[in-house]
Every structure is written in C-alpha cells, then in structure tokens.
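Next come two complexes, and both contain subunit A; in the first it sits with subunit B, in the second with subunit C.
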Partner chain A sequence: MTELFGVFLLTFMVITAVAIVHTRHLLVAVILTGIFSLLMAANFFLLDAADVALTEAAIGAGISTVLFLAALALCNEHERAYTSSRLLALSVVTVVTLIVIYATFDKPRFGDPQAPVHQHVAPWYFDTTREAIDVPNVVTAVLASFRGYDTLGEVFVVLTAGIGVLFLFGVRPTRKSEMPNTTAPEPGQGLRHYLIPRVVGRLLIPFILLFGLYVQFHGDYGPGGGFQAGAIIAAAFILNALLEGESQALQVMPQKLLTGLMAGGALLYGGVGVVTLFMGGNFLDYSVLAADPVSGQHWGILLIEAGVGITVTGVLISIYHAFASREKH
Partner chain B sequence: MALLLDIASWALLSIGGIFVFIGGVGALRMPDLYTRMHAASLTDTMGAILIIVGVMLQAGASLAAIKLAAILLFLLLTSPTASNALASAALLAGLRPGAAVQDEEERGE
Partner chain C sequence: MELLGLFHYWVFAVLLMIGFYAVTAKSNLIKKLIGLSIFQAAVFLLYITMGKVEGGTAPILQAGIDNAILSNPLPQVLILTAIVVGISTTALGLGIIVRIKEEYGSIEERDIQEIDRR
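Take a look at the complex of A and B:
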C-alpha cells in the first residue's frame, strides 16, 4: 500500500515537473514548484523521514514560493521565447537519463536491510545515540552532534547565500522619503486595505511564532530543529510584512537587527565549537560542556540548534526584504 | 463500540473524499474564476472537516486528536481568508463575474 501510494506521488511529481518545463507563464511555474515540493514532502513522510518532510514543506513549499513570488513581482511574468536549437539540451538530458537509469540497476532493492546505507555507520549512530547523547530523535543527534561539522557548513552556506543576496540587492530604507507619492496604492503599503486577510493574519501570527518555537525546542524529541523552526518563524514575519507593508515590517525588525541575527546565529554555532576547544575537548565535542557528558551533549545541541534557527530566520527575512523593498523597473 | 467508531470514521472519510472529488471536478468544469473558486472551496470546508473528523475518530482521545483539531481550526480560519483574498484580488484586477457580464449583454441587446 505504501509503495503504491509512493508510486502515485512520484507519478504526480513527474507530471508536475513536465508542466513546470512546459509552461511559459512564470507565475504558474512558481505555483507548480510549490506543489512539487509539497508532493516531495509527502513522499519523504511516506519514507518515515519526518524531519526532511517538515523541512521540505516549510522551506520548499512555503518560503521559497513566497520568495519566488516576491522576485516575480520585480520582473515579467512571462518567459522570454527563445529560438535557439534545443537539440544539444535534448541529447544531454537523454544521455544523463540513460546513465542514471543504468546506475539504478546496481542499487539495492527498496527497503533492503542489507543495503550498504543500513550497514555502514547507521547502526553505530543508533547504538551510540542512546548512551552518549540520549535524545529520542536520532536525526537530531546525527545532525547536531555526530555530524556537527556538516551542519556548521550548512549554516555558513545559508549565511553566504544571505550575504550574496544582500550584496546584489541591498535594502535601502531611506529611499522611501525621497520617493514622491504618485500612484494611488503606495508601494510597500502591503494589504492594509484588505480587511479580512489583515484581521485573520494578525490573529495567526502569534500562533505561527509559537509553533516555530515548539518546532525549535522540540527537535530533540520529535521532527523539527533549527532549519524548520527558522523557516516557520521567518514565515510569521514575512506574513506581517505582507499585511502591514514593508516600512512597518522594517520598523519591527530593522535590517541592522536582521544582519545581526544572520551573523549572530553562525557565530553562536562556531562559538560553541571554540568553547569546547577551550574546555579541553575537540571542536564541537559537546561532552565537555557540563560535568555529565550526556547533559553536555544536550546543552550543545540546544545551543547550536538555536544558532541554526537564528541564522535561518535572519537570512530568510533579509532575502524577502531585499526583493520586496525594491520597486519594479 | 470500536466497530461503530470505525464505521462512522470510514463513512466520514468516504463522504469527505466525495466532497473533495466534487470540488476537483467543479474547479475544472465551472465556467469562470468565481464559480471555480466556489467549487474548490468545497474541498477546503466540507472535505477538510469531514476527513479530519474521520481521522480524529481513528485517533481516539489522544494528543493526536487535539493536534488534528488545531489543524482543522487553522484550516477553517485560513482557507476562507485565502478564498476571499483571491476573489477580491481578481475583482480588483478587473475580472468580472461571468453571470454579471452575461446579464449586461442581455440587457444591452
């Protein structure tokens, strides 16, 4: 039954992908990528990867759709028609597809317990988590402690992406005073003239923030953690920016604060590593943080997850503002 | 008792599924945006309510049922809001309801 449902979802994903390639209307393509991500999230959930499913749903289907829409508001909604020959692209795609299909022949069967991935380090992670880290969610233990270097790298990738977007677009809040009011709906006013979305949105924002904090601090026990929580908290602030307008949102969360959050989260993560070095352990070996190694691990995971969440929140809100505070040219 | 709950929950799930299906057919077959939204909103309201209540019966009195109730409340708040925002955006963009256009054409003739 599970496999049948998985095949069903994957078929839908192929149809969606073809539709994305086929459509010339970029708005439609953006909505379809959101649907694609949601199908992917359902697929991950079907494979018992609830953490990845939550990330895909929050970031893939949620935030990136909003960011794409914000970017689309700056440019044309239609893809430019191109006349060049697509024979080269077609042949490259065909060759790559054939190679990938050939590669799948060597793959172990779906759910095979003898598969290398279940024989390599995974059993060690499962056995060691219980005694050394003692958090119910092994994914969090792997992500935050066993493979803390990788996650540190990911946080810096997110930070670098944020810095790149800010360099390219940059928020100029002083621009507003120079701009004379010409058109009736002033840009950056948000949805203020829409009563119902405003009322409901205002009602929901505190609960979205609460849910984000739950996902952040419940990551040791269930699906969740800094990446997902950062996306959810950023979604609350982006909703606020959509409802109240850019200038209002930048008053609540000034760009300086956002930049501070971006760097501060990564700094917190790296700082934990440096502290463990000074306390006599290895870089990002949290066992030395407390007298008891297990509670030291708990402290370390709590701190670095907070760092991840802070950086992701700061970067996502900054990227949104970088797009939304620009005028269309 | 368990059998009764099972029957009730499957009945709710099936009727909810039928409503979702009708909503999907309506969204494809209706003539203009507003009537399509009207059909699609069936998925958001009746479909969501019936399916989530059906799943809640399966979950029994547990934490999962409370979470499902929270999800239902969230859906009941957000989907009508989204429909309202979509419809008013369409109206602002100058899209007239098909029936109104037809009326005017008939009156004009």
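Take a look at the complex of A and C:
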C-alpha cells in the first residue's frame, strides 16, 4: 500500500514538473513549484527521511514559494514565447534520460539492505552514536558532531548567500530617524485590511513559533534541528510581514537585529569550535566541554544547533525583507 | 516488484532532465531558476532513495530496541543541509535576476543579449 502511494506521489511529481516547464504564466509555475515541493516532502517521509521531509516542507513549499513570488512581483509574470534550439534540447534530454534509465538496471534493488551504500561506514555511525554521543536521532548526531566541519561550512555558505542578497539590493540597517511614519497610509501595508487572512494568520503565528522552538530543542530526540527550526521560525516572521506590511514587520525585527542574528549564529558555531580548542580538544570536538564526554557532546550539539538555527532564521528573514521592501522599477 | 523498485530511479532521471530542459531551452531567467530547483530536487530524490532500507524506519534509536531496521542516515544528513544551502543560493540567483530586470528592463535571455550587442 505504501509503495503504491509512493508511485502515486512520484507520478504526480513528474506531471507537476512537466506542467511547470510547459506553462507560460510564471505565477502558475511558482505555485506549482510549491505543490511539487510538498509532494517531494511527502515522498521523503515515505523513504524514512523524516528530517529531510520536515526541511523540504518548510523550505521548499513555504519559504521558496514566497521568495519566488516576491521576485515575480518585481518582474513580469508572463514568459515570452521564444523558441530556439528547442528540438536540439529535447533530443539531448531524451537521449540522456534513456541512458540514465539504462544505467538504473545495474543499480541495487530498491531498499536492498545489502546495497553498497549500507555496507561501509553506516553501521559504524550507528554503533558509535550509541556509545559516544547517545542522542537518539542519528541524523542529528552525524550532522552536528561527526560531520561538524561540513555543517560549519554549510552555515557559512548560507551566511554568504544572505550577505550576497543584502549587497545586491544595497540594504542598510534602518536608523530611527529614517523609520517611516506608520500612522500615515502607505502602499506596503500587507493584508491588514483583509479580515480572514489577518485573523487566521495572527492565530497561527504563535503556534508556528512554538513548533519552531520545539523542533529546535527536540532535534536530538526526534526529527528536527537547527536548519528546520530556522526555516519554521523564519516562516512565522515572514507570515507576520505579509499580514502586517513591511514597516510594521521591520519594527518588530529591525534589519540591524537580523544582520546581528545572521553573523551571531555563525559566530556561536565557530566559537564553540575555538572553545573546544582552548579546552584541550580538537576543533569542534565537544567531548571536552563537560567532565563527562557524553554530556559534553550533548552540550556541543545543543549549542551548535542553536547557532545554525539563529543564522538560518536571520538569513531567510533578511532575504525576504530585501525582496519585499524593494520597489518595482 | 523488480520494476517498481526501479521506478524511483526512473523518476529521478525524468525529473533531472525536465529540469535540465528548462535550464537550457527556456529563455526566461526565472523559468531557468525553477528548472534548476527541479534538477536539484531530482538529485535529492536519488540520494534519499538510496538510503532507504526495506522495512526500515527513520534513523532514530529507541531505548530497549537494538535490532530495529533503520534507514541510512548519511544521505539524509547530506540532503538536509543541501536543501537549506539550495534555497540560499536560489535566493541569491533571484536577487541577481531582479537586478538584471532593473538594469535591462527584461528577464528574457534573448532581449538581454540583444541589448548587450548594441
């Protein structure tokens, strides 16, 4: 039954993808992308990747759609019918698809426990997680502790992308004197005058924030962690900005604070690494953080996940504001 | 049953190439970026599919159960971070597109090349 549902989801994903590429209306394409991500998230869940499904649902179906819509508002919604080298592209695509499909016949059977992927290091990670780290969620253990260097690098990639967007749009922290007068009517006041979105949105925001914090701090025990929590918390603030308008949202969370969050999270992550160096361990070796190595690992994972969450929240909200506060030229 | 198992990989191949088609054949920059995210999603699907173990469950250890079948956590860790990095780079791409629109007045690759040639 689950397998049939998986096939159903995959088929729908292909149909959605074809529709996305086919439509000339970009707004339709963006909304379909949101649906595509949601189908993808459900499929990830069927494939036992609860953490990935949570991330894809929050980021792919939520924040990505909002960012594309914000960018579309600044560009044209219609794609012009240019047809160049379409036949060439189609033939290349068909040939490569057939080659890749031919190659799949050599792949190990789907879900085969004897497949090479499951043979080399995977059992070692399970065993060592049980002994040395002792957090139930192996994904979190690998992400935050074993592969801490990778995650540090990825946090800095996210930070760099955020800085890049802010530079592209020349966003500066708003000073007190420059704050627009909120009592005067202005165009970007969101959905404040629409009753149903406002009531439902205001009701939802505290629960989204609470869920974000739960995902952040329960990440050791269940699916969750800094990346997912950051996206969920950012989604709550972006919903607030959509409902209340830009200026109101920037008063709740000024750009200065957001920039601080972006840098502060990455700094917290790197700082944990430096502290472990000074306490006599290797860089990002959390075992030295407490008298007992296992509880040291717990502390380290908690701190760096907090750093990841703070940076991701700051970057995503900043990127949203950078797009939303820009006027159409 | 054998074919059903390969179905995931076929969908990966098809999605990959749908994304690639949008990147190469479409002239609209936003469409290209959407194509790139479909391409990316196809790669995510391949990784997660490979990590699945038959009859397994999410890789979360439970106290007292030592012989549970758990799926492979490593591809999941890779893809989890890749999704977040993916949205950040997509946002950067969208930022560049918006700036291009402001400078050239168009987001069609054709128009931009024509303006550059002048």
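In the analysis below, the second predicted complex is superposed on the first by the 310 of 329 C-alpha atoms of A that agree within 3 Å, B and C clash if a C-alpha of one lies under 4 Å from a C-alpha of the other, contacts with A are read in each partner's own complex, and residues count from 1 in each chain.
Quick note on the criterion: a contact is a pair of C-beta atoms (placed from the backbone, for glycine too) under 8 Å apart; a residue touches a chain by one contact, two chains touch by 3 or more.
Just so it is clear, the structure is predicted and the values come from calculations on it, not from any experiment.
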item: Which superposed partner A:P206 touches (first subunit B, second subunit C, both, neither); value: neither
item: First (subunit B), second (subunit C), both or neither touched by A:P254; value: neither
item: First (subunit B), second (subunit C), both or neither touched by A:G164; value: second
item: Of subunit C and subunit B, partner touching more subunit A residues; value: C
item: Which of subunit B and subunit C A:I59 touches, first, second, both or neither; value: second
item: Touched partner set for A:P197, first subunit B, second subunit C, both or neither; value: first
item: Contacting residues of subunit B [partner subunit A, same complex]; value: 74, 77-78, 81, 84-85, 88
item: Residues on subunit A engaged by subunit C in the complex (per definition of touch); value: 3, 6-7, 10-11, 13-14, 17-18, 20-21, 26, 29-30, 33, 36-37, 40, 43-44, 47-52, 55-56, 59-60, 63-64, 67-68, 71-72, 74-76, 79-80, 82, 84-86, 89-90, 92-94, 96-97, 100-101, 104-105, 107, 109-113, 115, 117-118, 121-122, 125-126, 129-130, 136-139, 142-143, 147, 150-151, 154, 157-158, 161-162, 164-165, 168-169, 221-223, 225, 227-228, 230-231, 312, 315-316, 319, 322-323, 326, 329
item: Interfacial residue positions of subunit A with respect to subunit B in the complex; value: 191, 194, 196-197, 200-201, 203-204, 207
item: Subunit A-touching residues of subunit C, taken from the complex the two chains share; value: 2, 4-22, 24-28, 30-31, 34-35, 37-38, 41, 44-45, 48-63, 69-77, 79-81, 83-85, 87-92, 94-99, 101-102, 106-110
